[in-house]
Amino acid sequence: MRFGMVGGGEGAFIGEIHRLVARMDNELQLVCGAFSRDHANCLRTGQALALSEDRLYASYTEMLQQEAALPAEQRMQFVVIVTPNHTHVPIAKAALKQGFHVLSDKPASLNLAEAKSLQQTIQETGLLYGLTHTYLGYPMVIQAKHMVADGAIGPLRRIMVEYPQGWLSSNEEAKGNKQASWRTDPEKSGIAGCLLDIGTHASTLLEYASGHRIKEVCADVTSFVPGRALDDDASILFRTDKGARGTLVASQICAGEENGLSIRLYGEEGSLEWRQMDPNSLILKKQDAPVSILRAGTDKAYLCDEARAACRTPAGHPEGYLEAFSNIYADFVRNAASWPEKTNGFERISINTGGRAMAFVEAAVANSQSGEKWTALMDVAE
Amino acid sequence: MRFGMVGGGEGAFIGEIHRLVARMDNELQLVCGAFSRDHANCLRTGQALALSEDRLYASYTEMLQQEAALPAEQRMQFVVIVTPNHTHVPIAKAALKQGFHVLSDKPASLNLAEAKSLQQTIQETGLLYGLTHTYLGYPMVIQAKHMVADGAIGPLRRIMVEYPQGWLSSNEEAKGNKQASWRTDPEKSGIAGCLLDIGTHASTLLEYASGHRIKEVCADVTSFVPGRALDDDASILFRTDKGARGTLVASQICAGEENGLSIRLYGEEGSLEWRQMDPNSLILKKQDAPVSILRAGTDKAYLCDEARAACRTPAGHPEGYLEAFSNIYADFVRNAASWPEKTNGFERISINTGGRAMAFVEAAVANSQSGEKWTALMDVAE
Amino acid sequence: MRFGMVGGGEGAFIGEIHRLVARMDNELQLVCGAFSRDHANCLRTGQALALSEDRLYASYTEMLQQEAALPAEQRMQFVVIVTPNHTHVPIAKAALKQGFHVLSDKPASLNLAEAKSLQQTIQETGLLYGLTHTYLGYPMVIQAKHMVADGAIGPLRRIMVEYPQGWLSSNEEAKGNKQASWRTDPEKSGIAGCLLDIGTHASTLLEYASGHRIKEVCADVTSFVPGRALDDDASILFRTDKGARGTLVASQICAGEENGLSIRLYGEEGSLEWRQMDPNSLILKKQDAPVSILRAGTDKAYLCDEARAACRTPAGHPEGYLEAFSNIYADFVRNAASWPEKTNGFERISINTGGRAMAFVEAAVANSQSGEKWTALMDVAE
Amino acid sequence: MRFGMVGGGEGAFIGEIHRLVARMDNELQLVCGAFSRDHANCLRTGQALALSEDRLYASYTEMLQQEAALPAEQRMQFVVIVTPNHTHVPIAKAALKQGFHVLSDKPASLNLAEAKSLQQTIQETGLLYGLTHTYLGYPMVIQAKHMVADGAIGPLRRIMVEYPQGWLSSNEEAKGNKQASWRTDPEKSGIAGCLLDIGTHASTLLEYASGHRIKEVCADVTSFVPGRALDDDASILFRTDKGARGTLVASQICAGEENGLSIRLYGEEGSLEWRQMDPNSLILKKQDAPVSILRAGTDKAYLCDEARAACRTPAGHPEGYLEAFSNIYADFVRNAASWPEKTNGFERISINTGGRAMAFVEAAVANSQSGEKWTALMDVAE
């Protein structure tokens, strides 16, 4: 399939990653881009990618219009959005209205109202919208979800999710770190910093793997680094719709930590543990049995079909972040290729997922600023 | 030194452990006991230990009186208390009043009022009182405390302590498990089950290693197993007197977990991590350096003196729970041997430690039962 | 750059991997193929890859001739060889003689004579020849080599390399496993099975990381599975040209093992350890210091330039086998793009590397079959 | 039971360890000692242990004579030998001839001839002789032996044992390190240094856990540190009486390593792995199943009876080196207490074990000095 990209010019991190993973499965061709509001940057980026110059656009609006005017067999078939957070919704809406499917980097929006508004546009246009929550693309996350749903550890009681990072332990934004700057700028990131940036990964992983929905939260959200405008640390108690409880931690001031997303799920009969930095293992513990470590790999007959299909190599050939990301792309492309007969398996990258993440962020921020103990999450139609 | 024991008859777990660790450092001699209210059990226990029959007592009151009447060079010099929780304070008070130092299993008491009352008796008698918080005896916990105090990771911002166990995942108390029965019985354990049994280990480790005091808590305390009278699971947010925040989890329904006490301390410049099930390693992470793993061992010159002195063998010869426990004994005995010129280094096993643990439990239980967000811990004189 | 592929039709494992990693860095375009001697297979494979049908060739000889006849700006610029081992050399020679650079899957050849003969063709044509020893593409392998060369652990004394796999623990070749069949067939794999297949990975990693050359070996090579024609297990003592000694183990009957290649290098002042299944960590141990774990990542300033450049993401985003493989491709392409001004940094994928591996296999097999204790490796010009 | 000790005066390492572990299980009483040839040292050591001064002897010969003259209910019942290696046999023989059981630190002797001679004395006297091969006392080593014998992984094919240490990486003996001095002195350690000191631990663990006997070896034994009189490094290929093959590495110049004894056993159907520095876990891998980690603990019903009985605490309370050592003592004491009706379960600490270790050392040294490839181990009657 052919796609265009908004954002991802020189100096951007995530745009380059998107292009890399889009190449991995050989189904996709980047045909156009509005890579930067700085057109010279856009041109340099596009040339380095060997794109035709007439398809390097000055703005996303121009791109949408011009591409729509091309013959069907030439024009892009979907748009990838890798711009700063505050522009995700306007670009997505414009693309949908112009008739293009959308694959957006997370978060879907800056807040729940935006997400709902976007959800309405998606429903009106009947087009596809996908969200790249990378970590849901790991085979062993898929396996964990499968085993929980399958009753392998019994009904869940306790869930522990955490996402410690250390890279914002000091005032990076004041040192000119571009990644740090927009993430800590309320204009570009909205009501939350760390919570929006990585807290949403944690809440999304929690809901995906458990099959539960967070019902209410009790949060202590703060900013430790002097001068920082948005939160860099959050500790949250939660309760789910199906009676589980637990803690969710998201922090970017955990000095020395790299990218320590993890989840532990405790059911009545056992538990599952997955750690993003050791992603090819899934630990199963039962009360009266040896610890069991399930391993990713195309040769592992004991994995569920969906997990095994998300592997590319036999066990022992480590796959990682890029492969997980590529699985998200593959999932979107499979659905786009068969559109409008949309297939199943699309739950993990939908606008509902994005909306739920926003409801989580809003409830956590509101709770932390109030004196109330528990704050319920707003409804998101699913 | 000579000591007597109250509790620890046949079928008891912790009494046998106390006797084992008391033997390890060759300074101690068990000379008498009131091992059980069932005198036949007491006699069998004492005989198996080769104690003189005339020093196997029918009750602790008899033991205290008879021993006090013996010549100084024969009578026991301190009492070890290993009875169920609700009897710790009355026995400790009686022993102190009869002129004996006391070494008590944890918790010190069932609640803060009891702890304060005991604290008063200790002050009045001027005798020694020690509390066997085993986990504070590990060399690498001592090293962590030293490094934090020394500024190795800068002022603390976030602390994460957890203590997951799985052994109460089902209704063990209904199956006749003696260890489970008294721990879940409000008469013997007071206002809390899991919080008192292992939550106090977590809070004590937190305060010991960090040098901070928990100022206020926000708790979600519950019981998952049907029919259980006391809590078996607690998730807690806390803030400390010096501005750190974090989460404390104590749970006995984490099916598949063994004894997973751990602590992570995040300062402005780095972090420390210690896990009880891998106790001879202490992980130091700094933002711009390789991960560093400090290792226990008598040959490790980079350890602080107190940590190295708590080791018995060169690195690579694993030491564990019993050795840590024995270190607590050794600390008490060193102090008792030099009494009344009490030495330093006694902080970790004092009644203040016990009182702070009670203040923590009471605040957590009260907060969880109320609608208020934060509950301050009651003062404990130090 | 444009390339063609020989081998890699439907059902092949490594051809698909080559195509995947060739796409990852966006420099390469697959333009033609002789994917199978079964032309229908070749056509299906090429169509699935959206190749032009007139560039799907019936044989590699046809491909070489036809492509050579195309205009320079259209024709392929190098050939990738992913056929069974016994055809590597004839195809490579033909390609070189037709004027194409060659990138070959390992091993370079079936024996040392073949490798030398190929080496001569390479010298005569002056073209580039690369060998995809994947494991040398891992950033932390590059870092290990750098640190050893830099004296970080002093002159090497002991080296331990091992490569345990379990997948040939039973007679897979008798069950129709295609991967197993050609690897255990003397016609296709020559004088050795396991030694050629993975022993060469071990010896190559050893020589690359250490900078030493294996001087002599003492080997115990055997086949445990009844009916297997070639070795499936080898234990080898070795001594290097610079005075180090150690053990090399390669085995495919280590039931339960996945792909456990690892190396440990012991110098006078410290040691380094790397494990392929946890590839983003490199462990440094010194006698009087904490254990140090270096981590891969674009943000790790303490890595050497070459290692850091081999990373795509910040630390904590696991990279794996495919990324390492892609690094080998990138290295070849960098050199091919600047040919004939060949750059440095090409050592790890040269014919010399392939020749040394053959000398190792031949010496090990000869030694194991003889009664002599030590067998010297044949010279390979470098 | 009552015992006396030869060796273990001030400054000794292993003597103190023996006394500590002897106390752990409450069955033993140290009643006398010839702790040092320096009688002042002996007196100070004995006084610190609160021994009666008339039982602190000037020499072991005096101790044996005097103790034999005491009434049966007072005199020691066995002798513990913790002197340097070259004196083990003469002391053991004298003790046996005087009518005392013997528990000796390893190695049993300096060579096979000595071991055989000692074996004869044991047979003639009919008394008990035990050898403290500590590592055989770990519960998960016992479990591994049980599972191999039980066929859990099928007939063994490959065994890998290694024992890397780093403490002799430099010339410690020249710096006055007492532990280093006698271990590298041919007069006190005989024909081998590292091989005798730790190679025997490796070979003994290999034979114990596998149930195989080493039939022949091919060895590369050397000394890396200039000026060292005995070997500090050995790489060995071996074949067993039941057809398994593998490698055994023992080295004391692995800079940075602590005490890394480990064993991996590969059978036709699976494998077992145990590592001394993580002793409470035993890893079981099967070709088509998740990795399984068995854990030590009194509460682990899946362990064999003998392994579980070797634990003192529930899983998750780490036990280590001292507890394993104490299990060896307990085994000896159980047998001594029921002597002359000797019980089973004594295999792992017998003179046969010691003799086999000597046969291994002699064969390895002889092979390494010769040009022959394989050297058979001498017979040891069992």
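Structure notes:
Which chain is which? They are A, B, C and D, in the order written, and residues in each are numbered from 1.
FYI, a residue touches a chain if its C-beta (ideal position, glycine included) is under 8 Å from a C-beta of that chain, and two chains touch if they have at least 3 such contacts.
Just so it is clear, the structure is predicted and the values come from calculations on it, not from any experiment.
Steps from chain A to chain D, taking the shortest chain of touch contacts, total 1. Common neighbours of chain B and chain D, by the contact definition above: A, C. Should one ask which of A-C and A-B has more C-beta pairs in contact, the pair is A-B. In this assembly, the chain whose C-alpha centre lies farthest from chain C is B. Centre-to-centre separation of chain A and chain B, using mean CA positions: 43 Å. Rounded to whole angstrom, the centroid-to-centroid distance between chain B and chain C, based on C-alpha atoms, equals 56 Å. Averaging C-alpha coordinates per chain places the centre of chain A 36 Å away from that of chain C.
Residue positions of chain A touching 2 or more other chains: 167, 257, 284, 291, 295.
Against chain C, the residues of chain A that register as touching in their complex are 17, 19-20, 23-26, 49, 165, 167, 257-260, 276-279, 295, 297, 299, 312-323.
Contact residues on chain A toward chain B in their complex (touch as defined above): 153-154, 157-158, 160, 162, 164, 166-167, 169-170, 218, 220, 222, 224, 233, 235, 237, 239, 245-247, 249, 251, 253-257, 264, 266-271, 284-287, 291, 371-373. Every residue of chain B that touches chain C in the complex is listed here, in rising order: 284, 288-295, 301-302.
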